[in-house]
Each structure stands twice: as structure tokens, then as C-alpha cells.
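What follows are several structures.
Heads up, the next two complexes both have chain A, just with different partners, chain B and then chain C.
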Partner chain A sequence: MGPILEIKGVSKSFEGVLALNNLDVEVSEGEIRAIIGPNGSGKTTLINVITGVFPATSGRIIFKGQDITGLSPFRIARKGITRTFQNLRLFPSLTVLEHVLAAQHHRSRVGFWGSVFSTRSGRAEEEGMVSRAQEILEFVGLKGRADMPGLGLPYGQRRLLEIARALATGPELLLLDEPAAGLSSEEIQALERLLREIRSRGITVILVEHRMMLVMNVADRITVLNYGEKIAEGKPAEIKNNPEVIQAYLGRAYAAAGS
Partner chain B sequence: MALSVLVQQLISGLAMGCIYSLVALGYTFIWNAVGIVNLAQGDFVTVAAFLYAATFSNHLKWGFVPALIAVMAVMALFGMGTERVVYHPLQGAHPRTVMLSTLALGILLSNMDIILWGPYPVTTRGPFGQDIIRFGDVSIMQHHVFIIVVTLVLLFLQHLFFQKTTIGKVMRAVAQDREAATLMGIETGQTIAVTFAYSSALAGIAGVLLAPAFMVSVDLGSVGLKGFASCVIGGFGHITGATFGGILLGIAEVFVSSFLSSRYRDAIVFVILVAFLLLRPQGVLGRKVGESL
Partner chain C sequence: MKDRGGATRSLMVLTVLFCLLAIAPSLVKSSYSLFVLCLSVINGIAVIGLNFIFGLTGQLHLGLSGFLGIGAYALALSTTRAGLDFWAALVISIVTVSTFSLLLGIPTLRLKRYYLAIMTIGFGEITRSVLMNWSSFTGGVFGVQNIPRPSLLGFRFTSNLAYYYLLLCIAILLSAVATRIERSKYGRAFKAVRDDELACEMVGMDSTELKVLAFLCCGVYSAIAGSLYASFQQYVSPELYTLAYSFSFVSMLVVGGLGSVPGAMLGAIVLTVLMELLRFLKQWYLVVYAATIILVIIYEPGGIIGFLNKLVERIGRRRAPSLSKEAMQHGGGV
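The block that comes next holds the complex of A and B.
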């Protein structure tokens, strides 16, 4: 399948410090693409640039053949790109269900007044939204938690709620920023299954992750960043044995000793 | 002090407190949505009071309910205009800059009041005039009861709006994490415009309720300060806190002026404000935050 996302010559500098340096990445439709690299290699910056949080200093970002460079974050989200956050950003006073409903809102056809005065069509639409929200919660494994406050969930389930909230926007491309951070090994296995199910629903996934076991198990292809540049790209097996990657992660001495 | 007097004082304090709560809620919603204290909030109340008293009630002779609705509508539009002109162009500027811009708007408005409606105080008759209800030896201004009832109804509707409607949930999400909300496809610009409209409409209600009880002049803008103090007392950015702070302040004011002297009526507000800022800056219900402007 063709590329869903093309990152063409993207650079991002923060007051002269180059966080991304002339980066070219193509993500195919329907794949799980892992992006790995040592701390500070520019992974999260890349997510922020794709989703429009920061504008790229130079370069283009093409989504489904359409240039989305410089669009505001909510427009990019409405085009079908959403994300989760490395350090969870849930809405403190919203329940689990309300998180999903708020994220679904822009897909609803009920306008402001329809929502306030609950017109008949508005009410039917809102009921549909609630049942869709419940489906999403069940899909990620949060069934039965709908009415809990989001922050009342245990840590691992908060991560699932972030994924549910992102799915609620109806994305074609889902960006996950370290979804396995802080999870137990059982929770990571469940996450692995969830990622595969998300892919089987036709959603392309970009996975920024440190847990190598998860990455190697689930990714179709891996892109390796170091100091904001792409140093390798390929299937998990190829990346595992790439000396440049080993060196970036473990240092020159280790690479030399290994060869 | 006789019990009857105590009850009378309490009701009149509650009524004033309700007005302060409405003003305080106006501050709170804008603060929660964009992190700005709208320093023109008190002047919004004055504009609304003039609009109601001088224009709709005295000049056009409209009834209370249509006049109230008209003032709220005008104020809501005015709030959206304020968002466009005063806030929007300064997005991304330091909050202090935006607050100065709202301060300027306040000064502009209080002078515009004089140009439009003249320098003399305006009086108007509310739906109940000076009518009094008597229970035994307790006599209560009907208008005070009316203020309390209107405020309670409004608070109830507001609660329904934020808890039950999807747009209310979306607005809460935006207030809590604007960036995360925008990345979920929520158009925060729209919800911010709605927030400004609603905050101004609240000032509109406060102005309309105040007008029959007082002489309407630019001095009415001082309720802005009382509303601000209410927010500090309750915990800035806290909806229940703002309501509670307003009512506490209204009652404190009335009792101080009857136990000490009415000359201390305004002074007590500052005493309470300073005391809270010194001893409990997070307010009664607020939580401590490490960040300052």
C-alpha cells in the first residue's frame, strides 16, 4: 500500500539547537511503524511536529497526499491524526466516558443549540455517541469503568484511556508516545494485542517506544533516530543486527567488542 | 440584635452575595478557559445595568423578562466581540499583556457609559419595585428574594449544562488541558468564544438584577472588585468556590455594616481579600499551585 504519511526534509530547531535534522520518513498505510532512538534523539519532537504542536522549521509533512504542514493542531486532528502523551494528559474532572465523548464531539452533527436544548434529533445522535463511546471503551479493555473519574483509574488503565480518547476522534493515523511506559509485563502483553487489533481495523500506528521487546514483537518496520537524524530503517530483524543502531544505543566500545 | 433583624440582614446579604457570585463566575470561566483575569468584568456589569435601566426599561418600556433576555443577548455578543478584539490578537502574549488589554477595555467602557447614558445616576423600577414581604416581624425586600431565586435557577441550569451536555463536557476538557483538547480535534477557539459570551451574559444578569436595587452609575463597576475578592476567597478558578466566596462576602459585608458601621462596608472586602492573599492564597476550596504569573 502507498504511504499515508510522508515526512520530507523536516527540520526543527529550538533556539539554534537542531532537534530534527532534514528528516525523511515514509509510513505505509496500515502498518505499525516504531520509532526508536536514545533519549533526546527527537522522537517526541517528531510527534509534536506531525500533530502541529510545533511548526516545523523547514520541510513538508504530507498526509494522504495532502500537505498538512503548518495546519493548526485541531485541523490536523480532524484530518485523522491523533496521539497519546508520554506523560498522560487526562482531563482531571471528566469521567472515563466523558473523555471519549469529548473527543468524539467534532464528529457529531449536533450543533451548539441542539446540544443545549436536546432536540429530538440531537438526543438520538447523543445516544448514538454514548453507545459508540462504550464500544471504544470495551475495545481497549475499559468496559465497566465508564463512570469512574479518569484519574481514579490505576496507572496502566489511564494509558488505555488515552488510547481510547485518541481512537474516539476517528483517526487513520494514531501516534503513541511511549504507551508502555510504567506498565507491567502483563499489561504490555495486553497492549501488544491491542496494537495488533488497532492495526487490523485499518488504523496506521506510529509507535514511539523504549521497551524493545514490545517494539520487536509488534512493529512492521522500525525507524531509528539519533540526534535528530535517521540512522537506520527496516524490519525488526534487520534493525536488531544493525551495528550503527547498536552503537547509538550502547556506545562505540560495545559495538567494537561485539564485532 | 433581634432575630427578625438578623434574618432580614441575612437575606439582604445573601442577595448581594448572589450578585458577587455571578460576577465571580464570570471571572472563573474566562480564567479556566484562557488563564486570564478579565479586569473589565465589573464594567461589563455596569454596561448591562445601564442597558437595562436606561435603555430597555426606562426608555423603551420593555417588561422585565424581555429586557433581561435582550441584555443577556447583547452582552453575549459583546463578550464574543471582546474575545475577538481584546484577547484573540494577543494569544501567545504574556498573560499580563492580555490583562492590561482587558484593563484598557474596562476604562474605555466606564467612559463610554458616561458618553452614552450621561453622568447622572439612573434609577429604574424592577419587577417588584420596593415591595416588601412580611413574615411576622421579618420584612424582606421582594427584589432580594427574586435575586436569590434567579441565581439559584441559573446555577442549576449551569450545572446541567456542564455535566449533561456534550458541549459542556468539551468546555470542561478545554478548561483543563487546552493543548490535549486541541489534539483531540476540539476547536478550542470556538469554545473560548462561547466562554467569553457566557461570562459576559453572567455579568449581564448581575447588572440587570442590581439595577433596580441601586442607583445605576459607573460606580457600580466596583462589584468587579468584589467579584474578584470572591474568587480569591473561594479559590481562583474554582466554580463552587466562586459561588461560595461571593455569598460569604455578601453576608460579611452586611453584618459588618450593621455591627460596626456602614463606613466599613467596603473596607471589610479589602481586609478579607488581603487576609486570604496572606494566609490562604489558594482560597477555601482551591489547591496550592506552584506557578505564578
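The block that comes next holds the complex of A and C.
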């Protein structure tokens, strides 16, 4: 299948420090693409640039053949790109269910008065949103938690709620920023299954992750960044044995020993 | 389905509150007390309006005096100068304040955090200055006199008692609408914007549009409150519409409980009455008034409503100890 996302010559500098340096990446439709690299290699910056949190200094970002460079975050989200956050950003005053309902807000069609006075269409829409939300909560494994406050969930389930909220927007491309951080090994196995199921629903996934086991198990392809540049790209098996990658992670001595 | 307990509780508080307000005139004797009651209800409507933008959406609005002043003057001028009927003038007042809220909100609310607070302080001061100095149009320091009371189906609300019950009906209607808005998908979106704007944008919500909508709701409620005040006093003058006046509404909302419609109403009543009770202290009343607000913020950040909620939960727990024990024995199998 063709590329769903094309990153063309993207650079991002913060007051002269290059976080991304002339980066070219193509992500195919329907794949799980992992992006790995040592700390400070520009992984989260890349996610922020794709989702419009801050604009690229130069370069283009093309989504489904359409230039989305410089659009504001909510417009990019409405085109079908959404994300989760490395440091969770849940809504402290909303319940689990309300998180997933709020994420459907932009797709709802009933106007202000219809919603406020619960006209027949307003009620029908709300019911539709609730049943969709319940289905998504069940899908990520948060069934029966709907009425809890979002922050009342244990840490691992908060990560799942972020994924549920992202899925509720109906994305075609889902960017996950270290979804396994802080999870137990059982939780990571569940996450691995969830990622495969998300892919089987036709959603393309970009996965920024440090847990190599997870990356090697689920990724179709891996892109390796170092100092904001792409140093390798390929299937997990190819990346595992790439001397440049080993050097970036472990230093020159290990790379020499490995080869 | 979702949070029905909280919804019924807030409805119950509102019902009890309005029932008490309905019998209040027969409990108080003096015409002065009736005057304070009228003022409390009018302030309540303004605070419910402020709750949309500050309580639900989390944007600090320090220019409520501007909204109330423009609303009051729009009614005052269109009844006395243009000879319009109260209700027609009320529509003009609502349209005028709504227009100002859009003109102010659309550019300002694109920015995040405290910009609205700074802009609205300026807006309130400019409004007062214009009302004061554009004498040919606003009457300047002399204000506008002889503002008529409304009439409905041939009945004129001339006495303060009749006007009080009209105010109460309008307040009940506006509280009901505000509660519906809070429980709708828009109320949910307002709270999400208050909690985390960036997370909202990432799930496709246009946070600017939502903030402008909440600001507009605030404008409509302020226009109504301002108009009702002008018609109640039958006189408006510019010196009322100060920054301190704006702050008094913020205090009422904080004391009552941010984000809650019954809280807004309660806070307005409590602080309006308190301010009148403290009049014997002369200039020292502000000290007691300020101390009350500080104590509430320190010991009960949820305001009066937060305190009531905790109280209800504690009573509920004490009343059903056998039930909870049973639930524990069964492992709380939910």
C-alpha cells in the first residue's frame, strides 16, 4: 500500500539547536511503524511537529496526499491524525466515559439548542456516542470502568484511557508516545495485543517506544533517529544487527565488538 | 447512566433554594430586606453567567462590570430615549452585549491562559470611562433616570414584591437552561477545555470556538442581569461599574462553588446578604468580607456546594453502615 504520511525534509530548531535535521520518513498505510533512538534524538519532537503542537522550521508534512504543514492541532486531528502523550494528559474533572465522549465532540452534528434541550435528534446522538464509547472502552480493556473519574484509574489503565480517547476521534493515523512507559510486563503484553488489533482495524500506528522487546515484536518497520537525523530504517531483524544503531545506543566499543 | 447522583443532587439543591426564596418575602418584614432579596437574585443571574466562562471553561473574566453596564445602559437608553417596551429593550440589550462578547472574545480567546483576564480588566475600565464621559449619549455622571418597570399581559411589576417574583421566575428559567447546558455535550466540552486545552485540540476540539461560545453565554446572562438591575432601580449611573464590582461576582462564584449552577446562586445570595449585614462596620466591612473569602478558599476550595456535597456523603455513609459492611463481605463484586 502507498504512503499515508510523508515527512519531507523536515527540520525543527529550538533557538539554534537542531532537534530534527532534514528528516525524510514515509509511513505506509496500515503498518505499525516504530520510531526509536536514544534520549534526545528527536522522537517526541517529531510527534509534536506532525500533530501541529509546534510548526516545523522547514520541510513539508503530507497526509494522504494533502499538505498539512502548519495547520493547527485540532484541524490536523479532524483530518484523522491523533496521538497520546508521554506524560499523560487526561481531563481531571471528567469520568472515564466522558473522556471518550468528549473526543467524539467534533464529529457530532446536532447543534447547540438540540443538544441543550435534548431534542429527539440530540438524544439519539448522545445515545449513539455513549454506545460507541462503551464499545471503545471494551476494546481497550476498560469495560466496567466507565463511571470512574479518569484520574481514579491505576496508572496502566490511564494509559489505556488515553488510547481509548484517541481512538474515539476515529483516526486513520495514531501516534503513541511511549505507551509502555511505567507498565508491568503483563500490561505490556496486553498492549502488544491491543496494538495488533488496532492495526487490524485498518489504523496506521506510529509508535515511539523505549521498550525494545515490544518494538521488536509488533513493529512492521523501524526508523532509528539519532541527534535529529535518520540513521537507519528497516524491518526489526535488520535494525537489530545494524552496527550504526548499536553504536548510537551503546557506543563505539560495542559496535566494534559486535561486528 | 453517567453521574446521575451529582445531577439529581444539584437539582435538589436548586429546588430547595428556590422554594426558600419563594417563601422568603413572607419571612422578612422590612422593605429593605426585600430590596436585598431582589439584589441577591439579580446577582445570582450574573454569577450563573460568569460560571459559563470562569467556572466551566476556566477562563478568568474580570470585566463582568462591562457586560452588566452595557446591558443596563442598553435597556435604560432604549426604554427612556427610544420609548421601547421593556421586553423589546431586553432583546436589544442581549444583542448588544452578545456583540461585544464576540468582538472581545474572538481575538482574545485564541490566546491561552491569562490573556482574557488582562483584556477584560481593560474592557471593564474602558466601558466605565465611556459611560461616564460620553455625556450626550449616556447622560454622563447623572446616569439615566425613569427607567420603566416591565409589564406582562397588562400587569405592571411596579411594587418590589411583584418585581421580586418576576425576578425569581426568570432566575428559575435561566438556572434550568444553565443546568441543561452544563449537562449537554457542550458543558462536557467546556470542562475538557478547562482541564487541558492541548489535549482537547488533539482530539479535534476547536478550543477557541468553545471558549467564545462560553463567553457568549456569559454575555447573554449578563445582559439579562444588567437589564433587570436597571429596571429594578429605575436608575443607572456609571460609578457602579468598577473593577471592584467585577471582582465581587468572581468572589460570589468562588464562595458558592466554581462550576456549579446552584453554587453560583448560593454564593450570590450569601455574599450579597453578608455585604448588607456588614454595613454597620462602615469602611471595615471590606476586611471581614475579604477574610470570609480567604477562609473559604483555604478551608473549602469547592465552596459552599463542595461543603454540602461532602456533608451529604458523610450522612449517607453514616446512615448505611450495614449496607457497606454487607458490600464488603461480598467483595464489592461490581
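In this section, the second predicted complex is superposed on the first by the 259 of 259 C-alpha atoms of A that agree within 3 Å, B and C clash if a C-alpha of one lies under 4 Å from a C-alpha of the other, contacts with A are read in each partner's own complex, and residues count from 1 in each chain.
In this text, a residue touches a chain if its C-beta (ideal position, glycine included) is under 8 Å from a C-beta of that chain, and two chains touch if they have at least 3 such contacts.
From a predicted model like this one, the values you see are computed outputs, not experimental measurements.
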Superposed partners chain B and chain C on chain A - clash or fit: clash
First, second, both or neither for A:108, with chain B first and chain C second: both
A:235 touches, of chain B and chain C: first, second, both or neither? neither
First, second, both or neither for A:83, with chain B first and chain C second: both
Touching partner for A:126 - first (chain B), second (chain C), both, neither: both
First (chain B), second (chain C), both or neither touched by A:94: both
Which superposed partner A:144 touches (first chain B, second chain C, both, neither): second
Chain B versus chain C as contact partner of A:201, first or second or both or neither: neither
Partner chain in contact with A:193 - chain B first, chain C second, else both or neither: neither
Residues of chain A contacting chain B in one complex and chain C in the other: 51, 53, 72-74, 77-78, 82-83, 85, 89-94, 98, 101-103, 105-106, 108, 112, 115-116, 118, 126, 129, 165-166, 168-169
Residues of chain B defined as touching chain A within the complex: 161, 165-170, 172-173, 176-177, 179-188, 194
Chain C - residues contacting chain A, complex: 1-3, 177, 180-181, 184-186, 188-189, 191-192, 194-196, 198-207, 213, 259, 334
Chain C-touching residues of chain A, taken from the complex the two chains share: 51, 53, 72-74, 77-78, 82-83, 85, 89-95, 97-98, 101-103, 105-108, 112, 115-118, 122, 126, 129-130, 144, 146-147, 165-166, 168-169
Contact footprint of chain B on chain A as seen in their complex: 51, 53, 72-74, 77-78, 82-83, 85, 89-94, 98-99, 101-103, 105-106, 108, 110, 112, 115-116, 118, 126, 129, 165-166, 168-169
